[in-house]
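Given below, in the form of structure tokens, are the structures.
Here chain A shows up in two complexes: once beside chain B, once beside chain C.
So, the complex of A and B:
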């Protein structure tokens, strides 16, 4: 009771600590206002403002990380500040800026309302940032919903197209279904963390301390399982991945690019925060905490193996490029899960931090190369997403060399060619997994990489070595997309050749301390 | 016999299960949507039951957040459903099969 009274008198408000989220949220509202009052010729304002706000939010989070003074948590533990949050915030900023650049030309061609798109994108970004900074399951849920509701609308943004409608509907039904599971998990955890004297809690750090004092251990396990299902849906792991190909194929291509990179990373941020810190490795394996930890870790390792295999094997038979990239994104979630498993199994804080850093780095590399690939798919698809079949890429290699060579680079990076970002990401993730003794998982991962060579290389071969029978009108390369391509190509090489700086920045403060209250 | 905590938990688990089964077997989008709302309200019942049992207010606060989110979700969801109905004049999910599963 005294604890509640204390909280009532001291709300622990610290606006500095949520500066990136505040900037993005305010910018989202401003964009909506500008869109309502701007004349037709001034519509570019919204895009410009969004990019400025995103850069400001990125700057704010770097400043938070560099300064590193003051509180590490605010709002009574609702918001935390650590490496996990800062590195993922930067990933979200990169993803959203690239999405705006890729979408600029597409919005013009399709004659869609730009302001609405930018406002939704900013709100989605705000939700993703909240998911990464959440220290409490309430904020995880709120961030997830802010993100999801904005993304449902974005998926159905081409209102008159049946495919886009269908994608939006499927995403909405299955997304809400998953949210309900997540929420039930939270409710059960809230009940199960009650002790004889204290009421239940939803604070992630407090949950970790209560595991062995739980009055109802079975409820705790059920709650953790529900959370696993909910997050599993959100980041599209097998066997909860069936919605992904449909949604990714039907959604407008720039939105697909965003969904594959951003919300997936946000899901990983919360997933890792809740499981690695909420149900941490326990010293006594026989205790409730030890049993809970062992159960989720084992399940997750199997899910990782399954996700990698299903994603890669089914991608082989796809004839639509967007669908193929959707399965490839499932496979990449599986590779990232390998690092997650390593983070869960790590016994000391330093190794755990290294594993978390490797997952964040992997998701950054995936975001960069994936956004690049989708930028080119957007250009080639033209209005209405007409040309997305593999046959549409026949022989374009020497007709549009810029597009074909950059797409080949991104595909090779997705495959994991040395010197590219994809290779470095895989090396980091697999190294941490080997260090934690998950050799079998790494072997499955490497075998899967070999399988994935088939479908990535097939597209390159189609582009360069197959005859084209239909006429090809080369798409014009707009300035914004060219800029996005320059950023992503530079990113692929920079992350592939000099990953040190980024890795150091992501793991600058290895002692992630979440002990609050 | 006074009501026990377990009664409420059993009731909400049943409601949640009915919701899950409904989403899986119903073919009409509106019915599926109502089943999802049922799942959310089953969760709310769990929260309220725990909250009243612990004499702790935070569970009930969570319920308010869930209700707000559910309202926002309903607004967006019905908007999506109206769009798809305008384009194809059917709310049967089996008709929504341009994208093969």
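So, the complex of A and C:
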């Protein structure tokens, strides 16, 4: 009987809806093949092909957003097409292109195998895209694992360096632990959503519909808590952030830049989809759905406050620039969580989409300025990441004005100076939070921004006003990194001055961006 | 489902065996013993799956975990020759505070999960007693129609068929994505595990850049 029912179901295959993921996946395999057969002088081919594929995937997702008039979901709801997915896909494309540009110089200097790096990066991007497009917890998990495994290897890419090995191993062990939590949570949710007649489900939309019919409400809460832990680890929120500094410090700098911007955004994409759409706000607060929603929202608000405070306060005492940026990335995850909380608390679809857009926009701005900052850290660190202490930045301001001024710009943007992208991102996130009544969270956020001024400005002061005792020659600025810097600087100003177009593309209602200006 | 007769014996035997073997896995001092205990724990869990009528999962459990993963484990343990740990007289646990924290959290987890499952079970039993009875009768009806096993006593469910069906219809996309996951894992492990000499032989990197000036044979001569 069940067999016939299964035969009757249509697998609902729609390759158009997974076109960006397909392009990236195929390009990853092609890059490996080319790398195996290319001669010594043709190594640039893999990087070039990767960038072309990423641009093609970006184009495909823009076309899906603007020109596609067909079904909005495929594979029986496993893949969905909405603004959340498209905006995050574009963030991933930007992050990966910038990573390739920044890494080109590093791979060249240290004579590392470029083909493997580009292939792994493309696979990681494919995993991130799947995480953003997943309408089913199974796809979320598979995407996360593809992303994580590729990132573990990339963190250990400098195989002869002990710090890189440590970083990779720590990330691997703790990351597997977090994945296990996530998987356990998925299994519990599956069990909790079973009804007397139907088996459980991992489809996010179906979960939302089954919450009030759950036979095992406490199991639902336990599953949601495990999912919260798993995702919280992946995006480095406060109680689960302990791995971040060591991993970020030990990994090669371009990989750190990627980890801070890409996987974090991907984690947010699925985290938001699972919780905002899977455990949505309920009209009846006394029901199971209402209780579940209230529980995770309260937990998340506290986590946001903790994450912001811990990240910023601990960053003050760091003497290594990469460590400092690692804690700064924790703090920025906290700011983004504020927008997430607002999205969870929003009662109508329009406000919810505005809040989701603000988080996506925030992560885009963070990605741009963070990649820029790490590009310069890569150059100053030289081969093997030898120079990453704050003292290494002593007085380089006027010895290498281009690098110092761009780094200052990125730091000011990370701090949230007006006219820069960072300011606009914070304004968007905090506005949506105020609108949902989370004033206390915004106050904590603003206070934390003030705290963060100390360590961002300290690096600028060190660069421009401190004496340098040892001789220092400015690092050569390779073309690829220069290109990355041009893109990121232009991005910082463009997103800071004219955010309206990007916000509209990300799906916010136009009135939101107008009311800000 | 109420356990009765030999099913009860079967269930209690294998569940206690699984728990005991799991404990011994953690507590054994010798890594090989740990691996062997893990095998017996996995086999017991496989037997429990058979009791649940999930022959496919039981088969996969035995084939993949016991047959594949554990043999690899043992192979690695014997190759690497982990001997230092078993000879030491140091206490097996790290620090009292760590043990206490781990115990408290695992206890909390166990209590919460047991409470959740129990509450759900009780609620289910009370609310859907009629529906459950209905399900029970339809299930036994279905079971009577199933093909009998070789012994003529047990019956073979169609679980395996339905797993196969859904794997290639509903779950075709995750199935394909899993292949990408495996590809990434293979590429990554080859990338990390190959020796410097192999990397140099891939003709894209000079061996001296990687910190190993001459090939290995002359390198030992220098020392």
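We adopt the following convention: the second predicted complex is superposed on the first by the 498 of 517 C-alpha atoms of A that agree within 3 Å, B and C clash if a C-alpha of one lies under 4 Å from a C-alpha of the other, contacts with A are read in each partner's own complex, and residues count from 1 in each chain.
Everything that follows uses one rule, which is that a contact is a pair of C-beta atoms (placed from the backbone, for glycine too) under 8 Å apart; a residue touches a chain by one contact, two chains touch by 3 or more.
Because the structure is a prediction, the values reported are computed rather than measured.
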{"item": "Which of chain B and chain C A:196 touches, first, second, both or neither", "value": "second"}
{"item": "First (chain B), second (chain C), both or neither touched by A:138", "value": "both"}
{"item": "Touched partner set for A:180, first chain B, second chain C, both or neither", "value": "first"}
{"item": "First (chain B), second (chain C), both or neither touched by A:242", "value": "first"}
{"item": "Touched partner set for A:215, first chain B, second chain C, both or neither", "value": "second"}
{"item": "First, second, both or neither for A:166, with chain B first and chain C second", "value": "first"}
{"item": "Touching partner for A:153 - first (chain B), second (chain C), both, neither", "value": "both"}
{"item": "Which of chain B and chain C A:88 touches, first, second, both or neither", "value": "neither"}
{"item": "Common ground on chain A, meaning residues reached by chain C in one complex and by chain B in the other", "value": "138, 142, 145, 149, 152-153, 156, 159-160, 168"}
{"item": "Residues of chain C that touch chain A when the two form their complex", "value": "112-113, 115-117, 119-121, 123-124, 127-128, 131-132, 135, 142, 158, 161-162, 165-166, 169-174, 177-178, 180-181, 183-185, 187-189, 191-192, 196, 199, 202-206, 209-211"}
{"item": "Of chain A, residues touching chain B in the complex", "value": "4, 138, 141-142, 145, 149, 152-153, 156, 159-160, 162-163, 165-170, 172-173, 176-177, 179-180, 183-184, 186-188, 190-191, 194, 199-202, 242, 245-246, 249-250"}
{"item": "Residue numbers on chain B that touch chain A, as the complex places them", "value": "9, 16, 19-20, 23, 29, 32-33, 36, 39-40, 42-43, 46-47, 50-51, 54-59, 62, 65-66, 69, 72-73, 76-77, 79-81, 83-84, 87-88, 96, 98-101"}
{"item": "Interface residues, chain A side, partner chain C - complex", "value": "1-3, 6-7, 9-11, 13, 18, 25, 29, 32, 40, 43, 75-76, 78-79, 110-116, 119-120, 123, 126-127, 130, 136, 138-139, 142-143, 145-146, 149-150, 152-153, 156-157, 159-160, 168, 192, 196-197, 215-219, 221-222"}
